[in-house]
Amino acid sequence: MTTFMALAPLLAVVSGALAALLFEAFLKRKDHGVSAMAAIISLFTAGFLIVRSWGLELAYFGGRLALDPLALLLMAVFVLIATFVLLMSLEYAPRRDINLGQLCGLLLLAVSGLMIMVSSTDWLVVFLGLEVLSVASYALTGIRRNDWASSEAAAKYFLMGSFAGAFFVFGLAILFGATGDLSLAASLSGPGGPAGSPSLASVFGLGLIVVALFFKIAIVPFHMWAPDVYQGAPTPVTAFLTIAPKAAGLVVLFRVLTPLPGRGGTPSLLMQAVAVAAVLTMFVGNLAALRQKDVKRLLAYSAIAHSGYLLVAVVAGDGTGLVFYLIVYMFMNAGAFGVLAALSGRGEEHTWFADLAGLGRQHPWLAASLAIFLLSLAGIPPTAGFLAKFYIFSAAVAQGHVLLAVAAVLASLIAAAYYLKVIVAMYMQDAELEPVLDRENPALHLVIFLCLFGVVQLGLWPGNLLTLIRQAFIALF
Amino acid sequence: MAELFWLIPLIPGASALLLVLFGAKLSRRWVAWQACSAVFLSFLLSAVAFVHLVRLPPGAPGLTKTLLAWISSGPFASSIAFAFDHLTAVMALVVTGVGLLIHVYSTAYMAEDRSYARYFAHLNLFTFFMLVLVMASDLVLMFVGWEGVGLCSYLLIGFWFERPAAAKAGMKAFVVNRVGDAAFIIGILFLLDNLGGSSFAAINEAAASGLLSSGLVTLVAILLFIGATGKSAQIPLYVWLPDAMEGPTPVSALIHAATMVTAGVYMVCRLSGLYAASIPASTVVAWIGAATALFAATLALVQNDIKKVLAYSTISQIGYMFIGCGVGAYAAGMFHLVTHAFFKSLLFLAAGSVIHALAGEQDMRRMGGLRKHLPVTFPVFLVGALAISGIPFLSGFFSKDAILTGAFAGGQYALWGAGLLGTVLTAFYMFRLVYMMFYGKERTAMEPGHSIHESPRAMTIPLVILAAFSVLAGYIGLPVFFGEKADLFGRYLASSVKSGSPHIAVSTEGLLVLLATVSALLGIALAFVFYRRTPALPSRLASRFPGIYRLLVGKYYIDEVYDAVVVRPLVRGAEKVYERFDLKVIDGALNKSAAAAGLAGKGLNFLQSGLVRDYALAFLIGAITFLGFLLL
Amino acid sequence: MNAMTANIPLVSIVTFLPLAGALLLIFVRGESVRAVRAVALAVSLLTFGLSLLLFFGFDGKSGLPELVEHAPWLGRGLDYHVGVDGISLFLVLLAAFLTPLALLSSWRAVDDRVKEFSFFMLVLETGMIGVFVSLNLFLFYVFWEAMLIPMYFIIGIWGGRRRIYATMKFVLFTMFGSLLMLVGIFVLYSAYHRVTGGFSLAISDLAGLSLSPALQTWLFLAFGLAFAVKVPLFPLHTWLPDAHVEAPTAGSVLLAAVLLKMGAYGFLRLGIPLFPQAAASFAPALSILAVVGIVYGGLMALVQKDMKSLVAYSSVSHMGLVMLAVFSLNFVATEGALYQMLSHGLSTGALFLCVGILYERTHTRLIKDYGGAAARMPVFAAIFLVVLLASAGLPGLNGFVGEILCFFGIFTSNKVLAALGVSTVILSAAYLLWLYRRVMHGPLKDPDSLLRDVDRRELACLVPIVLLIFLMGLFPGTVLRKMDASVSRYLDSLRTKAPVSLTWKPAARIARPARISGDTAGPAHLVGETER
Amino acid sequence: MIPPAAFFILAAVLFVLGVLAFFVKKDLLTQFMAVEVMLNAGNLAFLALAKSLGKAEGQVIVLFVITVAAAEAVIGLAIIVLIFRQRKTVQTDELKDLKG
Amino acid sequence: MVWVVFLILSFLCIGSVAAMIFSRNQAHNALFLVLSFSSLGGLFGLLDAPFAAAVQVLVYAGAIMVLFLFAIMMFNLRGELPARVKKARLALTVGLGTVLLAELLLAGRKLVLGSPGAGPAAGGDTARLGHFLFSDYLYAFEITSLLILAALVGALALAGKREGS
């Protein structure tokens, strides 16, 4: 029975999803507040269960579901980001013909997929979790069904996603053929035993899977869906999509690519390829963002670039840095999209540079928040974004990847250019348009405030969190 | 009392400070009194200190006082310390004495000016810095005074800053001086580096004892002398002094004739040990002096602005002083410095009186016959002119003679000849001035109702005093002719200044004196012929030798040459470099790299075509490459 | 004094008081401009007052950092570690001294979004002071980068017409340099870890590392670029004129007076002590660049049409001299460089204040639009002149002391470079007096112009600086004595630095066998919670 | 017996053909069908390799993949329907509002 | 004999996919796919995976493809003929496809050639399969339910009826 506890957080989320959907289907209320409430309660419950599971090393289904500290941390992140997204959507959804109840259900289903992904050490389960996540994400992307951009984004996401999914399947097949086992741990162990070097076929099979995961976390050149989808999706959903699937994908990558004691090392070719992809991602993401006129799309590209930074952590084998970065990234990115969501009026979203002009005067708090999020994204101290980058890049250097770190900081420089451009618009240009903010939106403002708090707190005193993450990795190794 | 000698510079300094801070609120009377009495007090103190010094037994050290350990860092140390020895005493007395007279003179001369307090503040400040310069016990502190007087010169030349010419002249003076100062600093650096300090005593001693290599001595001496050519308006840095006449005339008298411009001479005398130790450097000094003396004298021949004539004359006379220094007759150089201070300030002040009388007119072609109108000014001017021309028994005669004798005695016959020729020219241009100003027809273009009148007493009394000194000052340094001990001045200075020139036979000296007298008279006679008897002669001569005339009037086009060779290429070049390099290359590279990033972004945005097939293509290419890489 | 200050974290108070003030400002109503200004000014004055305590509490005999505060912060060597020594003390004072004046100077110039302005100024002050007091490389970098942001806003919001271009250029250019420094910091961090097994970014610890020449070279280049951009060293100077021209007066003042000093300070505190051999081998090249900067900056200043860019180029020239002195690597030159940094901070700051005063009246900075201003503004004319002359190094004023020490120090190292450096004496006089002549002298350009003499507030800005200009010119000993021990310690450390032992060889390439084979480095990195 | 290699080759060819079809076809529906081909190729590979290893799990996994394909088909068709309702077309190239 | 079956099935499978590539009618495409998937089912059978074969034919060729056909008929897109693909693009994709094929074969070579051809035909037994599903793969099996739920809700959210609209 204790091991059955391993299933509890997942069950909480799934039952929340079901409850939300049932309320949506049968209560016939206009605003679906009940669904949202159910969803939030279930998320809180899940959060509570996650915290309770800390340190217990619960495992179930022969280890296919294992609540190691890393998984728990990530689950907590997912619960948190889902809560943020829900709060952001409370006002946002009804004003844009989005069915909040369905949104809640899909969001929670996506979260359950994410939880499955990060808490398993079996490729098949990871794949299924990924598919749950994907299917829910496609629907979330297109959930603003009257909006052409939203459905276009959904179609593109779906088409590319299923294409990538096929690669995953084929990779699974080859991996299975090579090792006869689909556990993550076995992927890179050779036929001669756990310590031997992996066979070419298993590396190749893993490569196919890595490609599919790269697609999910938007690594260049598998990233091209991302800007369109992030732009087309409703803003809270974008916040979710830029953070959660990326986190899950990266953690899976980290689990498989980072050698554990007593297991064969990752082939250097694979790591080099990943490093090259990281560099490409950082540069392409940042360069492409330079000339964007729409801040939402700009942040979409920035999200791609951040995948590159995060990949550096994977290359450097710095799990602590990776998770810390992910958490920080969650706060700053969710915060940034939160502000964008706050700026949207009824119907059209107002996320163009011209819309932001003069914001510093009209809505000083919103503008200041966005500025801080952007500075954090740019990695400027003393925000959390800087600290996160510091850990990752310094780990890369400590592992001898000096050039990778140089590339990363140069890419950050390009990034700084466009983040600052947004600030230019907000503070240094005068408004040409009327302010677009409509009513008060306390839930959204709460999210923004929490994110702000996170960004500042983690930049200055991340102590407990870092300790926690380090503990998680000590347990892992 | 003499121990308080360190107050000598500080009193005018304090007065200057007060005037700067509160001048605008003080009454003119008070300003005048304060400024004058400050200088007077300094003068009194200088006199007391001088008397103290004279009473000391021979060989006893002068007065010294360290006020403040100023800059000290590792091996570099310089303190604010004053010294008062025989040489200093001479300068201090001249500075405060002549300075006092000029202060008094100015109370009347500047009476009408709006910025009365500012003027006296600057004048006091100048006195302060000049006294710092002469009382400094090391080279670094001397440099403070050196730069300080330069600053005051700048301020006073540009006193009427609304006049563009004045503003320009002030700036020119400062910048040209700075060129010399740069060399001066390098010279100081050499000394500091090799001696660990820059006190004069140490330098002179090190040079004399051979502690410094001869090459280094020469190098340092020449570097410092370059500084002196700036301050003392010698070739090649003399160009600022004629322009400096834009300042008020008393300023010209004090700064640009009597005191500041002679700082270079003082410096060379102060470091006579150093210069004496280097024959090449001394030769350079002497020849620059001689060249300047002649060169400036020729320019003075054709100037029509009375102050400009006097300015070139000053340049020329300082050249004489340098000849003296260069041939080792340092005392003679100092002697000429002193006498020159008297008669040249006399001439300037008298010219100022004339200008004052003519309501600002400075062009001698519009003067004439002023003899009658200016009963005091005319005689004193005449005395000054006679003194500078070297007419026997006036001060200029003795001092110039001392220099020429020194040159002759040192075997530098060419220098002596140049000096003699200069005497002719000097006498000629001075009497050209006298004749054109005071004799002949009245050519003044005065407005009706404005009559020419003699200046007030505050102006004439200093003139008379200066005239008296111009006559008498020569007797402190009589030539050997009058006996072995007649050269009081030389003997007095012997303890501070290297005495060099060998004595020559009395008969030879007599001959030299005679020749000098004759050449002075010749100059006067020529001037009489040209400007009194046949006034048409100059213009005829000018049309006969148009080239020479134009060259002289154009001041040998040295200003133009400097402009064309140094200033303009520098400025134009800098402009070009700014546009072509700074903006285009450096900044351009930056902007280009930013644009390149933008372009790359544009390219990527183009690739992001919105078409799923393109996305899939990128995916496929990426996957194939990635996987192919793994298969390698 | 020491007994008293021992218990009080004075350095931290001085550093963070402005930040606290800035946060306080958030709660002041933006509409009550007077209150905002009063609070900001009071805070900055209080900071200055406390920084004076720093000055008096500083002993300076040991040459070691004093008033040190050390506390764990982020763990693993990323500690909070501050203190002042003879090298940093006066730069702290400079920043604390100039901020209130800069605030005061913008009383009228900035009347839009005053609250934000004051906020950013105070944040900037914390950043500036923080850079100087940091004894931990991480902390240093945090302040170093963080300081960019308030300046970015100050130029970008309250700047001139091309402010956005200028501010972006400023930030990106300086960031470009400092990001490579960040990589250098990573390398040092891991090198320290590899050698000792522990974690530290304390500057003193890092200075104890012996790095191989090749590694030193790379690291010196990485750090040096950051500092050279900030100085700015020719040819990395082009951000400076733009930033200065567009910045509001207060921004220009702090930019010129304090921010530029950070580059030279960086070399003194980090670039040279951490990589002495590389520094020595690069010294000739950098010296040549510095000399080129001196002449180049001077010549460029001669042909500027805008007062501010003239002053900006004069900074290039003056800072070139500072760099030349820094790389002469001897005692006098180093003290001279430090002194010259202070003097330049004062005089250039004051120059910008003066230009700002003119600009406030006529709203033009073009030299040709002025003429004869001295007639209308006699008091201003006098102050302006003093400031100019201080900048031109007139003896008796502060500039001279720094210059002559620099000259002497450089001279003992290299006579030719010193001789070339002395050219600044001519050039600075030329461009500064040319400026003065065109602006203040000559006939009054526009008789109806709004030029009026300085008022009390403006006097309150300028007079303290002028007083200091005189004081520092006449009594340099007060400052130099407190520097002596630190400077000689700095030079000793360069001399005694043991040669080469560590070669930069990454322990593990991509496959990272080290980690797997249980090498101490790997697990320690992940597990080592205990070291610090 | 037919060696598993033959099946594997067939699977690979089928996968590549699916990829080609995905590129050649220009409407959402057919492109999605191409993806289905790719998935099926994966299944075939699974079975072939399972056979060569002699492991039965291959078949189980194939079942899961088929389920996944079914789920994707559901959501995919829903999206295609949504697109068609909005635009009256399912041409992929019509989806180009979001770009740049 | 088995070879003949194998060859016929492979030919059908590949041929129908090829036909799908060249056909321009969506309905035909779907039918080709049905054919292809059915023959794949046969191939599964040859691999001793009868259950998989059955599921393949029933679920895939049957249910899923019928869904497609419904969709196609709903869209009623008879007249719409997509434009031809550009030659260069076609060449590029064919080239890339060849490379991909080569890579796949290269990677898979060791696996299948190295193995002893036909191993003991384990797993042919459906009962064991069921056992697997409800023991080792129970968790995965549960997740499929989640997956289908997500797909359903998603489809409902995207294409379902709206009370408002």
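Every chain is named by a letter (A, B, C, D and E) in the order it is written, and numbering of its residues begins at 1.
Just so it is clear, contacts are C-beta pairs under 8 Å (C-beta built on N, C-alpha and C of every residue); 3 or more make two chains touch, one makes a residue touch a chain.
Being a predicted model, the structure only gives us computed values, none of them experimental.
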{"item": "Common touching chains of chain C and chain B", "value": "A"}
{"item": "Chain pair, A-C or B-E, that carries the greater number of C-beta contacts", "value": "A-C"}
{"item": "Farthest-lying chain, centroid of Cα atoms versus that of chain B", "value": "E"}
{"item": "Chain ID, smallest distance between chain and overall C-alpha centroids", "value": "C"}
{"item": "Geometric centre distance via CA averages, chain E-chain A, whole Å", "value": "31"}
{"item": "Whole-Å gap between the CA centroids of chain A and chain D", "value": "26"}
{"item": "Euclidean distance of C-alpha centroids - chain B vs chain D, Å", "value": "97"}
{"item": "Centre-to-centre distance between chain E and chain D (centres being mean Cα positions), rounded to whole Å", "value": "6"}
{"item": "In chain E, residues with contacts to at least two other chains", "value": "93, 96, 100, 103-104, 107-108, 111-112, 136-137, 140, 144, 147, 150-151, 154-156, 158"}
{"item": "Chain B, residues touching no fewer than two other chains", "value": "594, 605, 608, 610, 612, 616-617, 620-621, 623, 627, 631"}
{"item": "Residue list for chain A, restricted to those that touch at least two other chains", "value": "124, 128, 131, 135, 138-139, 142, 145, 151, 154-156, 159, 163, 167, 170, 174, 177, 200, 204, 227-228, 267, 272, 292, 417"}
{"item": "Every chain pair in contact, whichever chains are involved", "value": "A-B, A-C, A-D, A-E, B-C, B-D, B-E, D-E"}
{"item": "Of all residues in chain A, those that touch chain B in their complex", "value": "155-156, 159-160, 163-164, 167, 200, 203-204, 207-208, 210-211, 215, 220-222, 224-225, 227-228, 267, 269-270, 272-273, 277, 284, 287-292, 414, 417"}
{"item": "Chain E - residues contacting chain A, complex", "value": "103-104, 107-108, 110-112, 136-140, 143-144, 146-147, 149-151, 153-158, 162-165"}
{"item": "Contact footprint of chain B on chain E as seen in their complex", "value": "92-93, 96, 99-100, 103, 106-107"}
{"item": "Sites on chain A touched by chain E in the complex", "value": "14, 17-18, 21, 28, 60-62, 64-65, 97, 99, 102-103, 105-106, 109-110, 112-113, 116, 122, 124-125, 128-129, 131-132, 135-136, 138-139, 142-143, 145-146, 151, 154, 170, 174, 177-178, 199-201, 204-205"}
{"item": "Residues on chain A engaged by chain C in the complex (per definition of touch)", "value": "259, 261, 263, 265-268, 271-272, 275, 315, 317, 319-320, 360-361, 364, 375, 380-382, 386-387, 390, 393-402, 405-406, 409-410, 412-413, 416-417, 420-421, 423-424, 427-429, 462-463, 466-467, 470, 473-474, 477"}
